[in-house]
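Labels A, B, C, D, E, F, G and H are assigned to the chains in the order they are written; within every chain, residues are numbered from 1.
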Amino acid sequence: MEFKRPTALLDACTHYCGGCGHGIVHRLVAEVIDELGIRQRTIGTAPVGCAVLLYDYFNCDIIECAHGRPPAVATGMKRVLPDRIIFTYQGDGDLAAIGTSETIHAANRGENITTIFINNAIYGMTGGQMAPTTMIGQRTTTTQDGRDITSEGPPIKVCELLSSLDGVAYLQRVAVSTAKDVIKAKKAIKKAFVNQIEGRGYSLVEVLSMCPTDWKLTPKQAVDFVNNEMKKVFPLGVYKDKK
Amino acid sequence: MSSQGKILLKGNEVMSEAAIQAGCRFFAGYPITPQNEVPEYMSKRMPQVGGTFIQAESEIAAINMIFGASAAGARCMTSSSSPGISLKQEGISYIAAAQLPCVIANMQRGGPGLGNIRASQADYFQAVKGGGHGDYRLIVFAPSTLPELYKLTMNAFDYADYYRNPVMILGDGILGQMAEPVEILPYEPIVELPEKDFVLDGCKGRKPRVLKTLFLRPSMALVRHNDLLQASYKKITAELKLHEETETDDAELVIAAYGITARIAKGAVKIARQNGMKVGLIRPITLWPFPDEPFKRAARTADRFLVVEMSGGQFIEDVKLASECKKPVEFLGSGGGWYPTPDNIFEKIQTIYETEALVD
Amino acid sequence: MANIEIDKERCKGCCLCVSECPRGNIRMSELLNSSGHTCAEIIELSECNACALCCQICPDLAIRIHASDETPPGPLIRIQETGVSKQPSGDRKQETPIGGQE
Amino acid sequence: MTDHETKIIIAGFGGQGVVVAGNIIARACVIEGKNVTGMVSYGAEMRGGTANATVVISDREIAGPFVERPDIAIIMNQPSLDKFEDMIVSRGLAVLNTSLVDRNVQRRDLDVAEIEASRIAHRLGNVRVANIVAIGAFAARTNLLEMSSLARGIEDLFKSKKAALVDINKEALRQGAQMMARFKE
Amino acid sequence: MSSQGKILLKGNEVMSEAAIQAGCRFFAGYPITPQNEVPEYMSKRMPQVGGTFIQAESEIAAINMIFGASAAGARCMTSSSSPGISLKQEGISYIAAAQLPCVIANMQRGGPGLGNIRASQADYFQAVKGGGHGDYRLIVFAPSTLPELYKLTMNAFDYADYYRNPVMILGDGILGQMAEPVEILPYEPIVELPEKDFVLDGCKGRKPRVLKTLFLRPSMALVRHNDLLQASYKKITAELKLHEETETDDAELVIAAYGITARIAKGAVKIARQNGMKVGLIRPITLWPFPDEPFKRAARTADRFLVVEMSGGQFIEDVKLASECKKPVEFLGSGGGWYPTPDNIFEKIQTIYETEALVD
Amino acid sequence: MEFKRPTALLDACTHYCGGCGHGIVHRLVAEVIDELGIRQRTIGTAPVGCAVLLYDYFNCDIIECAHGRPPAVATGMKRVLPDRIIFTYQGDGDLAAIGTSETIHAANRGENITTIFINNAIYGMTGGQMAPTTMIGQRTTTTQDGRDITSEGPPIKVCELLSSLDGVAYLQRVAVSTAKDVIKAKKAIKKAFVNQIEGRGYSLVEVLSMCPTDWKLTPKQAVDFVNNEMKKVFPLGVYKDKK
Amino acid sequence: MANIEIDKERCKGCCLCVSECPRGNIRMSELLNSSGHTCAEIIELSECNACALCCQICPDLAIRIHASDETPPGPLIRIQETGVSKQPSGDRKQETPIGGQE
Amino acid sequence: MTDHETKIIIAGFGGQGVVVAGNIIARACVIEGKNVTGMVSYGAEMRGGTANATVVISDREIAGPFVERPDIAIIMNQPSLDKFEDMIVSRGLAVLNTSLVDRNVQRRDLDVAEIEASRIAHRLGNVRVANIVAIGAFAARTNLLEMSSLARGIEDLFKSKKAALVDINKEALRQGAQMMARFKE
């Protein structure tokens, strides 16, 4: 057994808080890029969100996009360079709030890209406001008494939402809150990249991820929150796998 | 087709074909009158030349697709009209900040709000001062005839690449909708084109590249990036001012107008001259950088300016600044789809002559 | 004995590895690294079965397992001992620095 | 008003082919090497109502594409007559599609060319070529453009998309012109 | 709480509380640094006063919710920072066109693009000239202290209602983030408020109303609507210009600055005066309408202007226009998060004094 | 039997083309408003699209919105005036392209409003460009060889898409291509308004509607297109009815 | 005999009512109204069963059925007879006036 | 540099409570009727790294909230010392949390107050009150603010949300001050 830093990841210390899920997912994406040998033809998009500094960590070309627009930017890139591998890495605010429209239409067009979607039920970077995926009753800085279904509506379930779109190739929801989940998550991410290599169209992996800081929990509590609360509302599994 | 090889095309088609000729191979847009012929034309022509046409789900998606396509190395373009251009402002600010070349056309219509679909020039400030956030500049071309639209559109792609700066074609509903005979001349680069060393196409054989507009660390990083942008703007300002002058040499009254309005004003100059009035015209072809020298010159020789624009008064500010407020500036204009004719410009000239002793 | 190693300068003290180790073989040390985080440490190298579950969960790639023939990289940079005891730094952002955000 | 410019307006219902008519006239100008600008005046109208196309022809540089006061108005229906009669310049020409106009021109200072364009088109088998009949009449009356240029304009316009329509349109042009010529005699 | 009834609040909170005090009962916004305390504060306070807080799905949704809430008769507000304000440009143009009252806050940050989160004043053109399409104007307030922010925010709601025009609070990251003691004074309308006879609340007892910005028929309908808007802008221009002058009476050099920069410049004026230099300051409080009279006056008495702004040079154009280019205008500024201090403004003053014989 | 113009409709001739479905739907909405006696407390939103002149036809308060934004505008109005009846009337370009995000989020918040969604598979007003709902193979001015699934993706099915959102109360797809369909459509529209009166949340009725002009068909052919083609791709029926 | 009436000034000649009438009792007339549309007309008033299906489909509310005690409204405005025969005006926009759009 | 202004910077890791410390100092100023502006310098830092809060205190109008050259620097960790040592004005004061600083101040022109803030806080049972210990030390050393005002500042800040924290914070303040006083003796 050997375990080391993938070459697709630069040897840098991240700016993420202790216990943040972003770091885990970064590694998984990098490992997949390594394993598929595509680092030199991969272009990633950085979102606006805690992962905005993605470009400081990934050892491949990166374009940083306006908030919510990575699917549109990726569309532009992929159409110009159809043989390159384009992935977007987006938070729940980025993908499911301001970028809802871009997400749905890129997905429906079946753009041959891969989307890694970090659902941490919060706006991490801006300091903990409600995200579209915030859970009912969850306290955030803009839902200080907990998200209320009557005024804010229920959390949006992205895999379920996208699954009705005929253009979408692959949807899976995973988590990174246990080592086992992490191993499964990697498989899903790999599949989402392989799909692109094989030209199957839009693939998205939703990752339930911890934000201890803005949840105001310790990393351990945050892991428990994912395992005990989030997985209930956001069931893990494959939501679409078009052959 | 005529014997001279000219064909009758609408302005929107002229611009689209010029883009294709200049090697534009990616177009993303969203329908809006009066520029619908652009996406329509592109949807047909792009596949023929191996390019991509995308009808985006919105203007915002379109401008961000351009962001991606330009970063991927394509000559690319989007077009829209006033409300749609407002929606693109964030994206334009990003593109300018990232110094990505691209061409953006605004076939202005009546505003504000939904307004109407008559032509207008009321997006001048937005185009020239920057409707998006931050200190950035677009190179802005204002063609006044279809042959010029053809030529400037081609040039736009070259200057965009040369300066690594987005270029806006600031047209209007008339320019887009009118049809005129145009000769489809082959494309010739107007400047020597630099290598695109910013392109993201995978890091094979080179170090990974990052294209970004965020400059957090150190705290002055963004100031330095702004300095870089300002240096580029300075260079463009020094090199690219374009204008046309008509009978300004001995003019007592100099009309300032751009785009389609300038063309109409030329008619008025003719009438005025026929009536023995010494009237001239300065027509900026680039609205940014603004050709201030001719105005400075005219401010020395002429007695007065007359600004004609299809807006409530925007371009007038640059005329004042360029002429250093040295001479009085009269105004003829209105927003909301008002069009001047040579006749009513001439009427205005007459009024000015009547109420002011121009030569004292 | 597994060739496992926790890079204390990379560790952010989140403790996730502690609960993940099936052998209960990781604990939080009394050390703060130069960024002020308390660090995880392997209790007993010989106890490790190299299952890498700790590596899987570590958000900071702070845990490495080397092929047995490989030598581990150079020494850690600087660990500073203080009287401050184990303090999961996940807490440390309870108070979000205002404005330090996009 | 700028000298040497001839300003034409073609007005009718949306769907009466006023845009096509303007297009063919403009193409004929290109063929004859004349300066020309064409424009659809889309100010007030959306769907329905009147549509109108304008063409400015000149041997010199053309100032603007607008026609506020046409020299020639090709009027395809009643509302267009109501709307444009007053705008035509004094001594201008009004070509009237009398099939869809139910009153006479009121002004005395106009030259009026009446033609039952819709009826003729109907007889030709396609009421939608009334526009071309009217152009034929206009051409015969003014001699501004050669019939052959207009015919080539028709060919150019239709050949790509609707080649089938070339013949009937050419025949409509011919009949419109003939009808005018007959009146002239 | 201090004995003077002052409490320590951040600028963003001060503005939010002022809005609540002024009767704002609808807020829609989207998080963005450095204004996050606004939605956070509103999310807590609005339910307490029976108002509505919505965290919109985007800035675009937020501004359009404001469009609806204002049409429904509520005092309402949205806030954001630079990129988010760019996204609102279409909506702002619609609101202005529909003459709907509302308050929009821009706590400017470094740009262009994503930029950074340091404070900036580089959205001046966007705010003052109009970043959206068409000829419209926002009333723009530029407070420079927190007590003034408190007062102007209250006034903003009144003027919005009074003139039926959107009002922008043009702040910046510093103003939003700094904390100062502020007295929470009760709200008093600053003008007599007109009846809201445009409100859509169902046509019970009256004819149905339409709120629209489309003016298609007759073809000059939109021109007439623009005339109406221009008339309103003229009235505002005649009535609402606000500014503050410091030691300009005998000043050889007049600094022009607004917002937080003006406050810092005041410190520089102090230093200069201590050093025997006759330096004054004009601080526009309304950026539109622009208080041109004090600049005209100063252009007669002073030798030179010095514009200080946290941008590459935008506000400077209005200073030149207001002073009719009568005196040279020096510039100290940069975009991207550069902050002046009293010291470096004073340095600039010294350089000016050294290189130019100010009194000739 | 009696059949006359509802009072909620002004006695005006519409600008719609002959055979256009908008006219039928206008009447149905107006009849429902009449029957529920809510005209004087109803506020409609006009979209940007062929129905932009809605305000010339409806005899109630109308606000004309920016393209795609009626759900946001309606949200603002409804929150301020919770006892008024707010409906949006939107085309497929308006609702499912530029306004995707506003639609999804208003629906998910469960805003207590009623949406009448005119799916005519085209951008009517701008002269016949592809809409998100344009069918595969359908020729439009921007898909001159027919919509191609590989580059443009399949048509978006709005009812199916929204049905995954827990916040949504009621979704039904109807048509106005036969008299029978029209009668059913009215029932659905009525239900969508009654839901609002009873505070059930977001209700949307999707109406398959004819655009003979931009389809370049006669009205009769257009009706056939709806009946024979569109109904296959967009099956009629109730997609959600939350009790 | 049903009290049915087609308002020819409102009719846009789309023909939808024609195919919808279960009795085949509507046809397109030879008339153009003042907007240039050919109009629908009831073939035989007495044949109508007032089922109102035609009213349901008519996009222009051009068909009214009055309660039998009600008198129908005033006469139509102006119908102009031409030699132009039945021409469904749905066609008439095949050529879209350029720009006459939002 | 503007006279009568005292400029303070509090710098440490994110999470060391530098913002709270600044807030309490500013509150004490308000209580004493002094002019004050507080600010978080959030320039380069996002998550992690150093965070710092600045406070400007004056009897007159305050020009700006920036502190480029602090009169007083409360340094909570090593990186902050590295970063800010050079910026402090000559004859300024550096309050050092020696628990997390492992070198001496290099400059000779500074007044240095050393306090093992983190260790004291740790002994008090919550390492996170190290910030308040440091404030106590600062207050005792400068006499710029009354201890009672600071104590009230602590009450005001915590009473609404975290009343439980009032006591331990007050105790931290007291011990910080006491420690300083002891050194003074």
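Methods note: contacts are C-beta pairs under 8 Å (C-beta built on N, C-alpha and C of every residue); 3 or more make two chains touch, one makes a residue touch a chain.
Nothing here was measured: the structure is a model prediction, and the numbers come from that model.
Centroid analysis (C-alpha atoms only) places H farthest from chain F.
Compared on C-beta pairs in contact, B-D and A-C come out with A-C as the pair having more. Chain centres here are Cα averages; for chain B and chain F they lie 38 Å apart. Averaged C-alpha coordinates give centres for chain A and chain G that are 57 Å from one another.
Centre to centre, using the average C-alpha position, chain E and chain F are separated by 40 Å.
Chain C and chain H have Cα centroids lying 31 Å from one another. Shared interface positions of chain E, defined as residues touching 2 or more other chains, are 32-34, 36, 54, 57-58, 60, 83, 90, 94, 113-114, 116-118, 177, 212-214, 216, 219, 337.
Counting only residues that touch two or more partner chains, chain H has 40, 42-43, 46-48. Among the residues of chain F, those in touch with two or more other chains are 16-17, 48, 52-53, 64, 66, 97-98, 100-101, 104-105, 125-127, 132, 151-152, 213.
In the complex of the two chains, the chain C residues touching chain A come out as 2, 9-10, 12-16, 19-20, 37, 50-61, 63-67, 70, 88-94, 96, 98, 101-102. Taken together, the chain G residues at the contact with chain D in this complex read 32, 34-36, 80, 82-85, 87, 89, 91-102. Across the interface of their complex, chain F is touched by residues 25-26, 28, 52, 54, 56-58, 60-62, 64-74, 76, 90-91, 94, 200-205, 208-214, 216 of chain E.
For chain F in complex with chain A, the residues that touch the partner chain are 97-101, 104-105, 108-110, 132, 149-154, 156-157, 160-161, 163-167. Remark: chain F residues 1-5, 9, 13-14, 16-24, 27, 48-49, 52, 125-128, 176, 178-179, 182-183, 212-214, 216-220, 222-223 touch chain G in the complex.
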